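For reference, the structure discussed in these notes is given below.
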Amino acid sequence: MDLMEYKAKELFDKYEIPTQKGIVIEDVSDLASKALNLTFPLVAKAQVQIGGRGKAGGIKFASNTDELLEVSKSILGMDIKGHIVKKLLIVEKAEVSKELYLSIMLDRLSKKPMIIFSSEGGVDIEEVARLTPEKVMKVSIDPLIGIKDYIIRYLISKSGLNNSLYEQMFDIVKKLYTLFCEYDCMLTEINPLVITAENKILALDGKVSIDDNALSRQPDILEFRDSLTEDELVLEARKFNFLYIPCEVDGNIAVMSNGSGMIMSCIDLISKQGMKVGVGFDLGGGATAERIAEAVRIVLSNKNIKALFITIFGGITRCDEVATGIKMAMEKHEEDKLLVVRVEGTNKEKGLEIINSIKGQIISVDNIREGVSVLAARRELK
Amino acid sequence: MDLMEYKAKELFDKYEIPTQKGIVIEDVSDLASKALNLTFPLVAKAQVQIGGRGKAGGIKFASNTDELLEVSKSILGMDIKGHIVKKLLIVEKAEVSKELYLSIMLDRLSKKPMIIFSSEGGVDIEEVARLTPEKVMKVSIDPLIGIKDYIIRYLISKSGLNNSLYEQMFDIVKKLYTLFCEYDCMLTEINPLVITAENKILALDGKVSIDDNALSRQPDILEFRDSLTEDELVLEARKFNFLYIPCEVDGNIAVMSNGSGMIMSCIDLISKQGMKVGVGFDLGGGATAERIAEAVRIVLSNKNIKALFITIFGGITRCDEVATGIKMAMEKHEEDKLLVVRVEGTNKEKGLEIINSIKGQIISVDNIREGVSVLAARRELK
Amino acid sequence: MSILIDENTRLIVQGITGREGTFHTEQMLAYGTKVVAGVTPGKGGQTVFGVPVFNTVKEAIEATDANASVIFVPAKYTAAGVYEAMDAGLKLILTIAEHVPVHDMMGVYHIAKKKGCRVIGPNSFGVISPGKAKSGFMAHKIFTKGSVGIMSRSATNCYETVFMMSNKGIGQSTCVGNGGDMIPGSTFVDLLPLFEADPETKAIVIIGEIGGSEEELAAEYIKEYVKKPVVALIAGKNAPKGRSMGHAGAIVSADGTGSAESKEKKLRDAGVHIADSTANIVEILEKIL
Amino acid sequence: MSILIDENTRLIVQGITGREGTFHTEQMLAYGTKVVAGVTPGKGGQTVFGVPVFNTVKEAIEATDANASVIFVPAKYTAAGVYEAMDAGLKLILTIAEHVPVHDMMGVYHIAKKKGCRVIGPNSFGVISPGKAKSGFMAHKIFTKGSVGIMSRSATNCYETVFMMSNKGIGQSTCVGNGGDMIPGSTFVDLLPLFEADPETKAIVIIGEIGGSEEELAAEYIKEYVKKPVVALIAGKNAPKGRSMGHAGAIVSADGTGSAESKEKKLRDAGVHIADSTANIVEILEKIL
């Protein structure tokens, strides 16, 4: 779960990591009341769940009320790579004397939190890391010991940051780490972290990514997620604890399975045949007929999907349950889309029997390759 | 630092470990106002820093106001093995249906906290442990993992405690462990922990011992310690960060050194010669002349001490500093007590020179055995 | 032989009285697995298909001399279950639940390494040594006894492969579901030495995925220490991009680690046969065995 | 040879700018010890007797290739100092301060074991390999190069013994101050294998005390593995009773563990020579060497 900048900054506020003063509006009519206490010049930043908003015109400056109204109007409702801007963050413009970089991520290799810090931050940080890796410090934290003062002291001392900033910087690292742990974060990133003309350190932008598996113990993030304007089908699938994965925008095939591995494998094979997958759909384990019926209904309600490839290998899931679910869905569904079904495992025979009794364009296959061949034979899917 | 029962129970209250309702008085005149809300029958318990108060008559029952006044008068001011009773804990008498035992101690062998639990507690617990060790369960806690629910579940399940008491018991163990960690405890012990006639679990008596080295971060315990009526010389020594160790009551020799190991060795040798040490005095490391002077002054002000054996091996401590300190003290001290001095290490020659310049009964020796021989030659010390 | 579990494994089922726990206990018993005890707090004294239930793992071990555990409790209790099993002294612990919070697993992982415990999963189908014992929820009918050892991050891709193998008469020594999570208790490198040492295993199959560096590390290990033939599949070449890990992710994997290309290249350099589909794994095995 | 430290030890002094740190840095340098760096937060860039000071241990190691550290910071910062040294990769860490809270040391002890670090102390005089190097605050003049290895829970008893040994012409290979605290970083058992393996050490002296079970454990180890002669003193037979550990203490040491009698009996059974005073240690050494 990636948080939008404004939500990340709400967390920064909660942990007293300094940010610029700002407001969030959803409509220009909010400006009059909310922007009262802000001092010009201001910056208006589109809040979308995608990168590259700056280049797309989603960040603009305003030096007076008229300009603010104008830029707010121009950004709210803007379409950035398919994401409509519904929220606008307006903050006081900071006078930046230097840009730093600070992040904490869960490092897969060491299986520990890793702090990355550089006194040369900003948009070019990846370039800095590539050309002068010694300027980007990485330190792993042993989760059994936790963060100790000396680790932060090392990062700051080694970075060559001016000593007058030591206390501020120390504080920010420590608080960001606490946030990282308490909010089950995969990533907390501040880039740029800036030193202002007044020698204050501020988080100018923020990125926070939270473990989806931990949302049940992060109620405020769960609430935020549910408030997002997302693909309706993603939300609908989530209600049933399914994972609806939007893939290529112009894909017309959906792949449904009971595990992400199989879905990945199928997408690989289908892509190799020059076809495009629009939706991956993970049923998870232990699905009942009712749940399968809902799953099929949700996928088929996507107008772009012309064919659905269902491939199930029963472990926790049982084949007859799957077949019964498909039948329930197909009996209600009107449009005649192609279904290629492959079931294997517990109670297979019973499952096949049920599938064969379903009316409509439904083809039962014996393995994945055969299923992909059936799809590849349909000219309309290329 | 061993806490008195009433202080231990204050901590239990803080951690919501159930105890009987009670009050603490220092004078019978407090009874009228404080005992109002208590329901008879009551128990009055002497608060002293020593065991065996029950047998000494320090615990008595009262079934009405008159009796309460009477027992309070009889216990307050009582002398229990040299400890005068200054405080009296008065609690409601519990109707006990069964006695349990629960403690958490820092186990030297595993270097971990150890929980000891038995469903057969009470004064005979050591006997239970000896005769039926399977009834006394011991479980170590890995400090890197902390206490987990399953550990408590195991203790309770295995003890055969009635299931209806599970929640109460679970809660008490968890809270006692938190207290143990947060208060830098060496030991927290509840014996007996009782099941009342109403099926409630109560801590009837409590013992808490806290690491002296951690008192600087336990301000409320430090305050309690300073409020205790202790040997004045112990308190006086503590002011200077010395350790004044009262030894045998009828001992007439004091041993002063810069480390507990040497003090122990000297006591062993002196005892072997049939003499008795009354005071051990640990200077710690890095003593200056001024501090040594204070140390000598404090020890010599004990009227029972007839001879002081000072043995210093300079590591952090330097010999000339020690000698100067002794001289400073001796010049002010009027009584003519025997001083046997042995200094060795850094700046030894300078030290000896100073010692030889001191007037009075002062004998310089070359090693411990020689010092003990000098003491043993004095008939008045036997 | 076989690795991890066999006919001598004395298994505990944690969460035995739950829906999945009960169902799979029956399945495992039917397969011949020695399920000697179950654990569900507060249900001590009951039995499930004749298996005695205890309140704690420690009591279960004391009573039955169990030496491994499979955990069928929900994700949010999984870490607690593993800690309990580790602390009770078990050295092999299989965790089944999906959606275990990764911060939970981070703690479990490092404690397990410290204690020398082997944790498999979470999000794993378990382990099966065909014909001897199974511990987990895999559809055991598709497995056949044989000489190929399999490790897989994906349950479904593993089933698919095993099914086709068995149809072609290629049996398995042991199949391990490493689990698809970001921090698995055991990685390919942890298990390779066992397969290499197992006389019954003649070839090893690795079913990997994009992301992480487990396959790269396996390649390094294989190059140095593994003499047996290895076949590998890396799934996810065309998978949609996952969560964005910001600049941090880019900085940490600036060398391309985690991509299918990186994994396949390193594995190929180590002499591993690269398959491009589950079916292709079987084709390669037919050739090399 | 010698154990733990010698002329190749590259030592860091943590707390080098403090009163004791500075004084003993000068002493250690004068003795010939290679003190290559000091650490005091916020004082990076300074020098103390020509030794460069760094803000952190990690920076000190990066700049000087140091391989051991002696910690002269106050008790309440000692645990933090040890964590820093361990995390920076040092495998030998000496802690001097007395009055370190025992709960702090409990954490340090278990992390050190996990990381494979050797921590000596706290409440230790340090380690000296006479004629080669010293790390700590011992009055080094009394030590002489020789073939007796010494471990002591008490600094003063150790000095006393060494002083008399040197006067009689009996030198020392290495003397270790284990420290008198309840949870020492290293116990006799941890160091016995080093002395047994050191060709320069011909005899071993153990200066123990009442309390705990270190001497009992040492006896068990000696019986099994130590071929060199061992002399032991247990101080405190007539010491005043310490803190009462309630019924719990009695339950845990019901077998008499911790008493001077228990320790002397176990050691004697293991073939150890028991001394009844520091002077007696030297008398025994004179006989057996």
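All chains are identified by letter, namely A, B, C and D, in their written order; residue positions are counted from 1 within each chain.
Just so it is clear, contacts are C-beta pairs under 8 Å (C-beta built on N, C-alpha and C of every residue); 3 or more make two chains touch, one makes a residue touch a chain.
If you're wondering where the values come from, they're calculated on a predicted model, not measured in any experiment.
J.: Going by the touch criterion stated earlier, list every chain that contacts chain B and also contacts chain C.
T.: Where chain B and chain C might share a partner, there is none at all.
J.: Using mean Cα positions as chain centres, tell me which chain lies farthest from chain A.
T.: Greatest centre separation from chain A goes to chain B.
J.: With chain centres taken as the means of their Cα atoms, state the distance from chain A to chain B in Å.
T.: Roughly 59 Å separates the two chain centres.
J.: Where the centres are mean C-alpha positions, what is the separation of chain A from chain C, in Å?
T.: Measuring from centre to centre gives 28 Å for this pair.
J.: Give, as an integer number of Å, the spacing between the C-alpha centres of chain D and chain C.
T.: 45
J.: Can you list the residues of chain D that touch 2 or more other chains?
T.: 111, 114 - these are the residues of chain D that touch more than one other chain.
J.: Which parts of chain B, given as residue numbers and ranges, touch two or more other chains?
T.: 142, 144
J.: Would you identify the shape of the chain contact graph, picking one of line, ring, star, complete or other?
T.: Contact map by chain: ring.
J.: State which pairs of chains touch, listing all of them.
T.: Per the contact definition above, the touching pairs are A-C, A-D, B-C, B-D.
J.: Enumerate the contact residues on chain A facing chain D in the complex.
T.: Residue list for chain A touching chain D: 142, 144-145, 148-151, 153-154, 157-158, 163, 166.
J.: Could you please specify the touching residues of chain D with respect to chain A in the complex?
T.: 41-42, 44, 54-59, 80, 83-84, 87, 111, 114
J.: Which part of chain C faces chain A closely enough to touch in the complex?
T.: Where chain C meets chain A, its residues are 20, 75-76, 98-103, 106-107, 109-111, 114, 125, 137-139, 141-142, 152-160, 163-164, 180, 182-183, 207, 209-213, 233, 235-240, 243-252, 254, 257-258, 276-279.
J.: Considering only the defined contacts, which chain A positions touch chain C in the complex?
T.: Interface residues on chain A, with respect to chain C: 2, 51, 101, 103-109, 111-114, 116, 125-126, 129-130, 136, 138, 142-144, 181, 184, 186-187, 189, 191, 207, 209, 211-214, 216-217, 245-248, 257-265, 267-272, 277, 280, 284-286, 313-316, 344-346, 367-369.
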